[in-house]
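When the chains are written out, they are named A, B, C, D, E and F in that same order, and each has its own residue count from 1.
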């Protein structure tokens, strides 16, 4: 029997419990999963605070207890939508089915004749990268919405201080 | 007598009836016209839904019945205004006069000592790329504002579905 | 009946009589032809002396007497073979068959499931870009190996002097 | 005794009296100062109207009467925060202490173990690049907020007309 | 006790038995190993025939029977040696010691104050990427010099035909 | 009376006594001189061992005793000859006359209608970057062919060891 390999792409800023659940769900459908870390070249911004390496550590730690062969691949932005699917294909092991809820990603893979499955995530009122980053900046509670290994990684890199510093743009303009 | 060659640049997302009329007007002033397709490397965004190749097809089809020698040249963005005119010059046949209503384009060619003629377009309440793209997304009527060959091209590439899909950013954030 | 559109890519440094003959041959097989000007961003080197705009002028002038609908499209290098076919597709009207004798081009289009036809050129002892450029630099005869419109274009841009100057690298090292 | 060299980075659009005062203050703390012109590749936008060369002229003229050895270095954007400090280090003479009030710059140099001193600027209600550019566009008075040599440079390059032209985006959309 | 993490970078075109042995040797010295796939954006050339994704598959398959936690990370070229170490750091989990026999890599990590250990490979008369690629092109035996999983991967992607085709540059010049 | 400003561009790997003499000669012809450091983004290669910052230090130290207002400007490569002059113009103060013995530089500035004066350097059998770099690698004498401040800078950055290390490519191929 053939191996079925899935592809899931996200920025994972940070990898939160919704992502964790999604991978667990996908594990029931595929034999192997390629996880693409999008915008891998971005970091130290409010929208993309963590480097690809930091995100790779988060994901690897979290997935140690998921029973699924995974490949975690940083994907630098190529800023040209028309070649993005080819870019992904050249960086990753070949895959059969794409998981995404991003309209652009869905459209690009559809135009390239891939099967795309909707990757609806749970609890979107709480589990959303934007909300979690805002709550980190604002000093609200957030650690209950990401896996423990993610809290640990963010602490090791002093990530809360980083996010708060770069979010403070009041004095920025020269 | 010398040939006079004009240069007209736009993103043409899509090429609409205002562009068609403008080219017809310019045809009375020059012998040949270079049409630069700006942001040629952009596609699959709400602002730039169509690839350069798709736009090239639209323009070529529409201009078959215009009595003017034209050169249609995709121009990738170079993201550095100070060298943009040189970039255009290197990609196009040489031209004598520039047609534009874009303030930046006008300024850059003025600083490079080109003659720039105002390319006022007709019927700007209806014939404007932004409005037409919005109406495509919203399901409003739009086909009466672009030449028939453009409607045809957009249908062939399933362009309406593309625009609607990528405009749906609700589920986007991870 | 469907239109068949071919794709021919080359650097055309310069467009010579072998290219001219090849297009004439292809004209018997397709209804329309997309001619991609490769390395469009290169110029002013011994290997790539002419800009894309200058090459576009050469080709357009030569093809006025070929009875074939052509699209001449400058293609900037993207320096990443794995996405090059997607890059070409995004810049050009869609095409059905590729003409090339370049092993890399053949391989890349084969891997993308295109039909590739061998585009054997005539008289390869004389009609070869490298030889013609060398003869221009060395002051040998060359004008009988390119169409008259190409001689004319090279004269208009003072191309012989350009090639000789940049070929003189003796004093180059600082 | 060791030479202490400081590093100050800004976009200097334009170099105003607050920058002039800041350099004078720093002159009391260091022996030499590297002044990095950020976003050196940007120009002809409302946010970055002046080229790096134009800004270099402004700064050089203003600093002729400051008793401090300075190095003025254009720094092109590298669009990847994680390597930006290395980029700066490769383009500049080595430095011991960084002056900045930009949160991102402060954070990046902190993570690279540099000493960063706060470079609070005076009179921020009046002396701020954004405000000065807006007042130039709006025809308000502005020449009393930049050193005379900056007024002179902006006049020489017809900078007021440039800013007003590119700020006029009404007719922009095609 | 602290985890020690090593970093090994190569182009792995292809991953051969010398690489396999090297990883086994390193496994005795570190707890975890980051394997960087250099020139990840290159493919389809004689020097770099395989995509990063294809190399990632080779390496992952081979390392399934090595008792070592590994992270395999594609690293696109950044073409600027002075920022390359920062680039690597941003893409990878943090590491303590670098394994390399590449003089440039050794020098760059030395200048960044990393410990670099010599990664002498065995049997360099036979186990060398260049030699193996040449023998593939020339039809010589090569399958005994790479792990079985690499032979299998190259067969799956029709890699021998690819290498031979792109090595045939006789007809290349236009 | 108008100020005359010259422009001299080189890679200065390293800045040697021939460059020093050339600047002294030019000092008799112009009021100010812009010195462009070419390939500013290159370093740590045999051809370009020193960073732009290191070269800037060399040049600044050497020129302290030349009675000429100079501007030293790192110029990153733009890899597109047709826009290179515009790139230089955007990064530098405006200049009236170009000094170069590089055929490509001469041609590009000629096509842009600049006056170019030949910058013949003295003693080319000894004073040539390539020769000096080779002699550094080979352990031959070289310090008598560069100004003392350059010897000093190269020592401070451990430049001899860097050059020798990166020149040792024997073990390089993986």
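Just so we're on the same page, a residue touches a chain if its C-beta (ideal position, glycine included) is under 8 Å from a C-beta of that chain, and two chains touch if they have at least 3 such contacts.
The structure presented is a predicted model; accordingly, all values stated were derived computationally and were not measured.
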Next item on the list: In contact with chain B and with chain D at once: which chains are those? Just list them.
Entry: A, F
Next item on the list: List the interface residue numbers of chain D and of chain E, divide the shared ones by all numbers used, and answer same when the ratio is over half, different when under half.
Entry: same
Margin query: Which of A-D, B-C or A-C has the same interface as B-D, meaning more than half of the contact pairs match by residue number?
Written below: A-D
Notebook entry, point to check: Whole-Å distance, chain C centre to chain D centre, using C-alpha means?
Noted result: 45
Checklist line | Mean-CA-position distance for chain B and chain A (Å) | finding: 36
Notebook entry, point to check: If you look at chain F, which of its residues touch at least two other chains?
Noted result: 41, 43, 51, 80, 82, 89-90
Notebook entry, point to check: What chain-chain pairs meet the touch criterion?
Noted result: A-B, A-C, A-D, A-E, B-C, B-D, B-F, C-E, C-F, D-E, D-F, E-F
Margin query: Taking the touch rule as given, give the residues of chain B at its contact with chain A in the complex, in rising order.
Written below: 41-45, 51, 162, 165-169, 171-174
Notebook entry, point to check: Across the complex, what residues on chain D touch chain E?
Noted result: 78, 80, 82-83, 85-87, 89-90
Item checked: Parts of chain C lying in touch with chain E, wherever the complex brings them together -> 10-13, 19, 79-82, 101-104, 106-108, 111, 121, 128-130
Next item on the list: Name, in rising order, each residue of chain A that touches chain E in their complex.
Entry: 40-41, 43, 51-53, 56-57, 60, 71-74, 76, 89-94
